[in-house]
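Look at the two complexes coming up: chain A is in both, with chain B in one and chain C in the other.
Up next is the complex of A and B:
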């Protein structure tokens, strides 16, 4: 069986997703038994002309958000060269932390002044806003998380790279995936396009904290209280987004006493994670007095930056870019 | 006019390229960072306590300095247990960061993902044993496990909060941390022995960089020390004045600003003598050390001293040696700090009772001095942030290094790939 060809690339973001792939290779299992990594600028220094010489790539793991013209061009080139395009990490899948720049209006861009003078030092232009990968090119699969957990990224690699050549590897991958996805890959079928390599339910389903009754008379900011170690953070008055967020991390943040901020994106059944959170929290106010409720709502700060911390570009119904924005040339005005 | 672009550079966490312009005279070289995160816009309007989680996008060490800036903003002192946990996490980050750099460097002459059989066939006299490279990354993975225990997550830790840390450790973690610490320490010693037999100068394009200042925070003094090229202290100032002393110059051809000492004023990088930019990081820190605390005996340190020269010159090979020295030290401190008594205590955090509206902190991160300053409104909502990130904003040094490689490679444009490789290797340890 010929070896698969892999590509790995990061646009605007950090190197955490790529470091996770490196960790997998050295700690969990060799990527290269069934695949050749033919394009990985961060580690191998691969150049674009080399990508053309290599011929079509089987699987491309694309991390990072689309923030500049160079990011967009990279996404288009890799898409056109790749059989499967995987949005790896929260930035590629949802816009991630970089999309927070689109919440706050009026702050001047950190952009050198002479960019538009046509001088020889031209930097890639900024896009009009931060885009997720799927806004620019067709995406086949998503591996969410900031960064993705090793288990799910490894499951994606096994499903798309090993594809039925090793039952042991397939069963390992299947044990980490939702049933429908697991059944397709164990049958040797390519997972349905658009599959998300993560759980289906909400983080609360896998969070080990004890949930009781959700009734609030007040909310706290994380610096204001030291929450009890075993109890649901939301029930202790901290805005934890676990109930709107796709599971898969196993409650990594909540296990450390930090509230979930939604880096896996919305759960399957949720339409808009911010709307879900507002609905869920407001239905738990332990009061029917209008003035009391008004006082309670004043304790909230920056709900948009909290509930769409990683997902503003794709999952906020009010901010989703239209077709014109995604297709047009970059706006640097 | 001829323009050559060497891109993308390996091992840079942001998309970076080198542009060389030839117009009759000597070539002009520009190191361009092409990614623009715009952190201010990302952070303004956020509740300030969220910044340690957001700013880890820069590097895990920024999580820690951000939490310290919150301590200052909320005027709260973390308990000893939290201080130790944060320090244990920081030392682990040193170990990981430097080990990854060594991995990149040692595997740079071959494809680390090539079939083992092929790579053995193609081995040349300067190649490093493949098994050693694999072991480096296995120990990085081990240390990553420790950061997950201490920080909650490996690459983007979350456990440091205003006034302390967010959780106690459970019993099994103490045992696991001890195992990890011992393993990392014994491997760092083994690595030093193997590398002692390899002449770094044979593996890379080594050169010394012009005499230049260095900036470090020494020990627990919380004073930023400015020293000259021989390591002699010129002056020092309190870390909370860092943003008054260091300016950021934005040039039109790169998205990253250049950090410089305001007192000396900004010099163009084309100047004959650049006086306002400075070194940070392992080699700058090493200048202050008379001997290594862990775990090298005087005899072992002597062999390093001989290789470094006295005082250590600011050269590329020495920058890699400095990484090795800091790996031992970090591993030694990890063993000390991972002990149960260091990571046990009655209190993990002190709850803040006031918001001062300004918080500032600076630490030595693996890549060098980093600092954060936040200004907030009375509710603790961020109005302004200032970040000094030595790893990237100190790229004036990196520009000079790239320029030097191009200037010294007479045949650079005959095979730009070789020049690109030399630049990458020269930039990696800084």
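Up next is the complex of A and C:
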């Protein structure tokens, strides 16, 4: 079997997704026996010129949101060079934290100026807003998470790199993936385009905490309380987004008492994570008095930033870019 | 320039508000034609995602109307709608949808003049606010 070629790149992001690739530990060694990582600026210091010499790439793991012109150019270039484009991490898949800037985008006057040609270092121009990768180029697969969990990333790498060649690896990957995805990779078929390498239900399904009747008496920010170890965090007044969020992490955060922040994006059946959370949280208000409910509501801060923390660019129905702003725009080259 | 005609989506409960809207028509009260009525069985079934989807698909205002508290056909469905409305309005305003564009009202079956008055009032309020940010949007796909 000829060695596969991999590319890894981070646009506007923190490179934690790339660290997660390193985080597969010894398996990285076994990966490099069957694949060459031909382009990875963060770790290998690869140059863009080198990418051309390498020829077509089999799998590109693209992390980070599209915030600047440079990000867009990188996305378009890697897309045209790669067979599979994988949006890796919440920023590439959903816009991630960078897309929160679009809640208060500011005015054209207060956006930073693109420096003139006379300067030695040019800052790349800002895009009109923050995009997820799928807004700019066609994306084949998504690996959500901030950063993606090691298991899913490794499962994604294996199913795309080995593609049925190694049954042992396939069964490892399959055991961690939803059934439809698992069946396709074990039978050596490429997963359907647009597949998400994560679970299908909500995080609550894999959270081990005991859920009883929910009665919300007040909202707390994480530093304000020390939650009981066994009970549902939402019942205790923490704004846990597990019920609107795609599972797959196994309830990592909720297990240690941190409320779910929604980094896997919305669960399959949810229309809009914010609407789902509003519905869920307010139905637990323990009051029928309008004034009392209003008082309770006032204790909440930054709902938009909380409910769409990682997903504003793609899953917030009111803030997703319209067709003119995305890849169909005439300025897309 | 032509005057801006807002689009209002009204979710009316089957047992009170829809009857009032029906009666308002039969009684020939003057009503502006900017409302698209969606009959629901209870204001309590209007999930926040319906409201968000309406705005995202190009509505300029959304009205949810139900029976007065205590009169709900399903005992407390309207209280459920009331509970959600505050947090929903807060979320909408953070996303740039002004508070006046989303209203929750109690309209009994016998209050058809009130229905006509509220609707006309809301249409003018929304007209003054101007088009909602998503007015040019095509209808969204997906189940709310």
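A few remarks follow.
What we mean here is this: the second predicted complex is superposed on the first by the 305 of 333 C-alpha atoms of A that agree within 3 Å, B and C clash if a C-alpha of one lies under 4 Å from a C-alpha of the other, contacts with A are read in each partner's own complex, and residues count from 1 in each chain.
Keep this in mind: a residue touches a chain if its C-beta (ideal position, glycine included) is under 8 Å from a C-beta of that chain, and two chains touch if they have at least 3 such contacts.
Because the structure is a prediction, the values reported are computed rather than measured.
When the two complexes are overlaid on their common chain A, residue A:103 makes contact with chain B and with chain C alike. Of the two partner chains, both chain B and chain C are touched by A:302. In the superposition on chain A, the chain among chain B and chain C reaching more residues of chain A is B. In the superposed pair of complexes, A:245 makes contact with neither chain B nor chain C. By the touch criterion defined above, A:16 reaches chain B but does not reach chain C. In the superposition on chain A, contact of A:82 is made with neither chain B nor chain C.
Of the two partner chains placed by the overlay, only chain C lies in contact with A:275; chain B stays clear of it. By the touch criterion stated above, A:311 is placed in contact with neither chain B nor chain C. 103, 302, 305 are the residues of chain A that lie in the contact sets of both chain B and chain C, per the superposition on chain A. Residues 11-16, 19-20, 22-23, 25-27, 31-32, 36-37, 41-45, 47, 67-68, 70, 97-98, 100-101, 103-104, 107, 109-115, 119-121, 123-124, 126, 146-147, 221-226, 229, 252-253, 255-258, 261, 301-302, 305-306, 309 of chain A are the ones touching chain B in the complex. Those residues of chain B that touch chain A in the shared complex are 1, 3, 7-13, 15, 19, 21, 30, 32, 34-38, 40-47, 49-50, 53-54, 57-59, 70, 74, 100, 104, 111-115, 134, 137-138, 140-141, 144, 151-156, 158-159, 161-163, 166-168, 250-255, 348-349, 351-352, 379-381, 420-421, 424.
On the chain A side of its complex with chain C, the touching residues are 103, 270-272, 274-276, 278-279, 281-283, 285, 287-288, 290, 293-294, 296-297, 300, 302-305, 307, 316-320, 322-323.
Chain C contributes residues 47-49, 51-53, 55-56, 69, 76, 79-80, 82-84, 86-88, 90-92, 94-97, 133-134, 136-138, 140, 142-144 to its touches with chain A in the complex.
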